[in-house]
Amino acid sequence: MKRVMKHRLFWPVVALVSLILINTVARSQFASITVRDDRLYGALIDILRQSAPLMLVSLGMTIVIATRGIDLSVGAVMAVSGAVALTIIDDATDPNSLGTVLVAVGAAVLVSLLLGGWNGFLVAALGIQPIIATLVLMLAGRGVALLITEGFITTVNSTPFSFISTGYVLLLPFAFFIWLAVVAAVGVIERRTALGVLTEAVGINPEASRLAGVRSRGIIWSAYAASAVLAGIAGVIYASNIRAADANAAGQFIELYAILAVVLGGTSLMGGKFSIAGTVVGVLIIQTLESTVLFLGVPSAQSPVFFAIVVVVVVIIQSPSLHRVVRNVFRGTRSGGTGEPTSDVEAAR
Amino acid sequence: MTNVETVGSERRNVGEYLQVFSSRHSSLLPTLAALVILILLFIGAEIFLRGDFISSGNISALLLDNAYLLILAVGMTFVIVTAGIDLSVGSVMAFTGIWLAKLLEAGTSPVIAIPAILLGGALIGLLIGVLVQFFDVQPFIASLAGLFLARGLAFVVSLSSIKVETPAVLWLQSTRIRFGDWYITPTGILALLVVAVGAYVMQYTRFGRTTYAVGGNQQAALMGLKVPRTTVAVYVISGICGGLAGLVLTAYSGAGYPRNGVGTELDVIAAVVIGGTVLTGGRGYVLGSLIGVFVYGTIKSIISFMGAEQSWMQIVIGALLLLFIVVQRAIVARSNRRT
Amino acid sequence: MPADNEVSPIVAMRGITISFPGVLALDDVNFFLRPGEVHSLMGENGAGKSTLIKALTGVYAIDSGSIDVTGTSQVFRGTSDAEAAGISTVYQEINLCTNLSVGENVMLGHEPRKGGRIDWKAVHRMAAAHLESLGISVDTRSLLSNHSIAIQQLVAISRAMVLDAKVLVLDEPTSSLDRGEVEQLFTVIRDLRDKGAAILFVSHFLDQVYEISDRITVLRNGKLVGEYRVKDLPREDLVNKMIGRVLDDLEAIASTSARVIDRSETPILNVTDVGRRGVLEPADLSVFDGEIVGIAGLLGSGRTELVRLLYGADRADSGNIEVGGTAVKMTSPRQAIDHRIAFSSEDRRAEGIVSDLTVAENIVLGLQARKGFRRINPSKQESVVAEYMAALDVRPADPNMIAGNLSGGNQQKVLIARWLATAPELLILDEPTRGIDVGTKAELQRKVAELSEKGLSVIFISSELEEVLRLAQRVVVMRDRKCIGELDSQRLELDDLIDFIANQGTGSAA
C-alpha cells in the first residue's frame, strides 16, 4: 500500500518541487520569507494564502470524481454563497460584529448544503448524468446569486469578515489554516471512517458494490453535498478577499482548475481511488504555475494558455491508448499479435 | 383524408396515422415540444405584454441579435449528436473575433482575414477531436482544454477591445435588406445559410447519418462505419462555426472583445437541448436547435421587455434545461424498457 | 473426425493457437465452415469457443495457424477485414442503432445516393426488399427501437445480407426470443442456408442446436474434441464431450449428499413461481436449514438468472419469495443481505472483486457495507482477514496486495471469503470453484460442507456435476431457462444426471 502511495504522489511532488526550484533560480526573492509585524511575507506565503478557495473546491471535486461523477456547479455555488453572506452583513445593524459575521457565514454554508443536496438528488435519486445535472445549477446558480445581490456588486466594510481571507494567525495567513483544517477534516472523515473506502468501491465497481450491499445512493448524495459545502466556504473566502459579492466573477472557471488539480494529483477521472494529498499537491502546482506566469510578466488573462498546455500534456500522458502504443512499441511488433484485441475493439467504445 | 364515410372509420384513420407517425418520428417529439413552447411564449407575451410583442421589428431582431448563437448551435448539434460536448465554443468565438479585429486593424484584407480565423477555429476543433478520438480523453475535458487555450489566446491577441472599421465587414451587419416592415442583414442570412447547410448535411449525407450512428451506438465501428474521422470532423465543424460566430459577433458589435462569450457555451448547449437534441447522443435536429435558439432569444426578449433583471434569464434557462433533461430521460428510459 | 469430403469448406481455420497472459485459450484447433450448412460450435466456459469466434470475426489476432476464406489466406487485423472477407456477425447485443429507422439500419454506410445526396426513397425501397426476401415485412421508416429484439435481430441479419456475406455468424441469437420468434428466426436461417450461406450458430440451448444445426464442433479446455454430423451425435454424448469426466482426486472428501435433512420445519427460503420475462420461466425452489441444494445444467440454462432473482440483484416479474416463512419483497441486494442471504457471483471480475482495493478491503467489504460508516475495529478487521485468508489459502498471503493483481482463482477465494465473513444463513455460490486448482477446490468444498453441518444453508451452482453430486442433498436441474426437475442426489449417478440434463422432457429415450 505504501508503495502505491509513494508511487502516485511521486510525480506530482516532483513537479511541484521542480516548479519551486525553477522559480527560485529565476528570481531569488521567490523563496525568501521575511518577518514583519508578526507576519510572514513572501511569494511562498502568498501561494499558501491564495490557494484557499481552489483548495476547498478541489477537495470537494476529488470526492465527487471518486464516485465517477463531476460537479460543474461549484463556481456558481461560490457566487451564491458569497451573495448570501454579504447580503446578511450588509443588512445587519453592526457589520463589524463577530456575531453577524458568524451568522452570515453559517447561512452561506447552509444554503450551499441545500444546493449540494439538490445536485445529489438529481444524480443519485433521478439517475441523471452528473455533467448534465450539475450543469443546470451552473447556469441557474449565477442567476440566483445576481438576484440576491440585486444585480449590484455589494461591498462591505467588516473587519471580522475581511479577516477570513486577509488576517494572520501565528505568523501565517488565516486562510491557510482554514484549508489546512479542512484538509485534515476531510482526511479524517474519509480515512478514519469507512466512507473513503466505500466511496472508492462505488467508483471502482458500482455493480460489485451494489451486490455487496454498499449504500451507493447515500454515498453519492453526500459527495455532492460535501462538494457544495466546501464550495460555499470557498465562496465566503473569495468574497472576504474582494470585500464584495461579485456574482459573475466569483469562482469563474474554478471548476476547470479544480478538475485539473484533481487530475494532476493522480486521481483518475474515471472514479475510484482518490488521493487527498495528491489534490493538495495539484492545487499548489496550479497556484505556483499561476504565480510563475505572472512573474514572467504574462498578463494573468493570458495564463489559460499555459494551463491548456498542461491539461493536454497530462491527459495525453494518462491516456490508456498511449500506454497501449508504448507497450506495443516496447514489445516489438509481432504479426501474429499477442492474442490481445485488435485496435478497433477498443476504439469502438 | 378529406372524405369521411363514417365517424368510426375516420377515428381509425387518424389513430393509425398517429401511431405510424409516432413510431417513425418519436425523436421529433422533443423538437415539436420546443416549437409548441415557442408558440406559447409568443402568444403569452402578446397577451400579457399588451400586444406590442409580436412585431416585425421584434421578430427580425430576434434573428439578428441571436445570429451568433444560431451558428454556434449548429456546430454544437453535430457534436452533441455524436454524444460529445464542446465547451470551447464561446472562447473560440471570442478568440476568432478579436483576431479578426486585429488583422483588419493591421490592414489585412477581409478576403484573407476571414478564412484565417476560420482556420484558427478549425485547428482548435481539430485538437479537441484528436484528443477525444485518439487519446481516449473525455470530450468534456478535451473541450475544456480548448476553452482554456482559446480564451488565453484571445487575450494574447489583445488585452482590450479593438474597433473594426473595415467597411466590408461592417457591411455585414449594417446593411438591412427590407421586406416591408421586416428586415434581415447579411449576418442573418449567413446564420440561416449555416442552418440550411447543417440540416442538409445531417439529413442527406453519409457523414451526417454516421454522426447519428456514432451517437446511438457505441460500437458503431463494428458496423463498418468510419467512426474516427467522423468524431474528429464534428469538432472541427464546431470550431469553424466558432469562427463564423466570431465574425458575426464582431460585425454586430463593431469590435472584437476578448471577454466575449464567457458562458456562451452553456447558453448554446441549453438552446440545443431545448431544441430536442438529447445530450446522450443519437437524436436531434439542426432545425430543432434553430427553434431552441429562438426560444432562448424570445425569453431574453420577454425578460428585457418586462424590465426584469437579466439574472432571471439565467434562472429561467437553467430551469427549462432541467425540465427538458428530465423529460428526455423519461422518454429514453421508456423506449429502452420497451426493447 | 473432422472434414467430410463432399463440399469444400468456405472457411478453413487450421492449427489456431491463441494465448493470453497465463492462459492458453486455444491450442491447435481446426475448424471448418461449409456453404449451405448450419454449424454449431459447442463448449462450456473456458472451452475456447468465444475466442475462436473472435479470431474468425477479426476481434482477436491469432498467435499461430491459418485462416482461409474461399481458398485465400487471410490475416484479420480488425473487424472490418473480416467483414471485407465476407464474414458477417450478428452479435448478442444487437449491434445496430436503435435511434435510427429500420431501413436506415439495413442500409447504413451503403445508402444509395442520387446527385450526391442520399436517396431516402431508394433506401427504404431497397431495405424493404431485403427484409421481404427474408420473409419479414415491417415499416422500414419506423424506428428500430419500436421493435422487439426478435425483429431487430432479423434486421441485423438483413444488414449482413446487404453486405453480401458468405458466412453469417450468429452469436447467441435466441437468448431473448420466445418460442414463436425462434421459429421465425429458424425459418430465415434455413432459407439462407438453402441459398448457400455458411452459418455459424452459437448457442447454449441444446434443444435449439439440435433443431437447426447440420454439424457440431465441440471444444473443451482450448482443444478440439471433434466435429460431428448432428445425426451422428446423440445428446448425452454431446453433453459428455462438453463436460466430460473430471479426474476425481476428491474422493477423500466426505460426501455430504447422504446427510439427512429435516424438511419438516419451515424452509429458510421458499420461492414459488419466480420468473422474469425473457430471462427465466417461473420456477420454484426451496431450501431448508443446513441443506445444500445444487443447481445443475449447462451454461445458459438459467441457473445464474434464478439465483439473481432470489438475491434481489434482478427484479422478478412474478412469483413470491418467503424467507423463514415470512413473505418478503426482494428488490435489492441490500434487502437480501438484511435477510442474511449472501451471493457470490460467477463473474468475479465484473461483479465481485473491486479491483483497485486491497485484498483486505475486499474481504471486509460485505461486513463494512452492513456496518455503515463507522469503521470496523482495525484489529478485528485484521483478524477476520487473516482467518479467512488462511482458511481459503489465498496466495500470495498479503492482505495489502491490490486485489486486481491476484490470479483469477485467488480472486474467487477472496470473494467467497467476503461472504463467509458476513456469517450468512443462506449462502448462494455461483460457480465458486471455476478456475481454482484441485487442492483448493477440495479445501473449499470441505469448508462449505463444514459450514452446512453447523447449520448454514447453501445453494450451489457448478458446471462440474461431480461436485454438485458430492455436496448437495438435492439437485435442481435446469435447461434452456426453465426448471425441468428436481432430483434426490443421494443415489444419483453422474450418468443419470447427464442423461436427465440432456433428455428429460424431450421425449428422446435415455
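Per-chain numbering from 1; labels A, B and C assigned in written order.
To be clear about the criterion, a residue touches a chain if its C-beta (ideal position, glycine included) is under 8 Å from a C-beta of that chain, and two chains touch if they have at least 3 such contacts.
Computed from a predicted model, the values in this text were never measured in an experiment.
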Partner chains shared by chain A and chain C (touch criterion as defined above): B
Chain separated most widely from chain A, comparing mean CA positions: C
Higher-contact pair (C-beta pairs counted), A-B versus B-C: A-B
CA centroid of chain B to CA centroid of chain C, Å: 46
Centre distance in Å when chain A and chain B are each reduced to the mean of their C-alpha atoms: 31
Where chain A touches two or more other chains at once, by residue number: 344
Set of chain C residues in contact with two or more other chains: 79-80
Multi-chain contact residues (two or more partners), chain B: 219-222
Residues of chain A defined as touching chain B within the complex: 70, 122, 126-129, 131-133, 135-147, 150-151, 247, 252, 256, 259, 263, 269, 299, 301-309, 311-312, 315-316, 319-322, 344, 347-349
Chain C contact footprint on chain A (complex, rising order): 1, 4, 192-195, 197-198, 200-201, 204-205, 207-215, 272-273, 335-345
Sites on chain C touched by chain A in the complex: 18-20, 25, 58-64, 75-80, 311, 313, 332-334, 337, 343, 345, 350-358, 361, 365-366, 368-376, 400, 402, 418
Touch list for chain C against partner chain B, complex: 79-80, 83, 89, 91, 95-101, 104, 108-109, 111, 113, 117-118, 139, 141-143, 145-149, 152, 159, 163
Complex contact set, residues of chain B against chain A: 85, 127, 131, 133-138, 140-142, 144-149, 151-153, 155-156, 159, 218-222, 227-228, 258, 262-263, 266, 269-270, 279-280, 309-319, 321-322, 325-326, 329
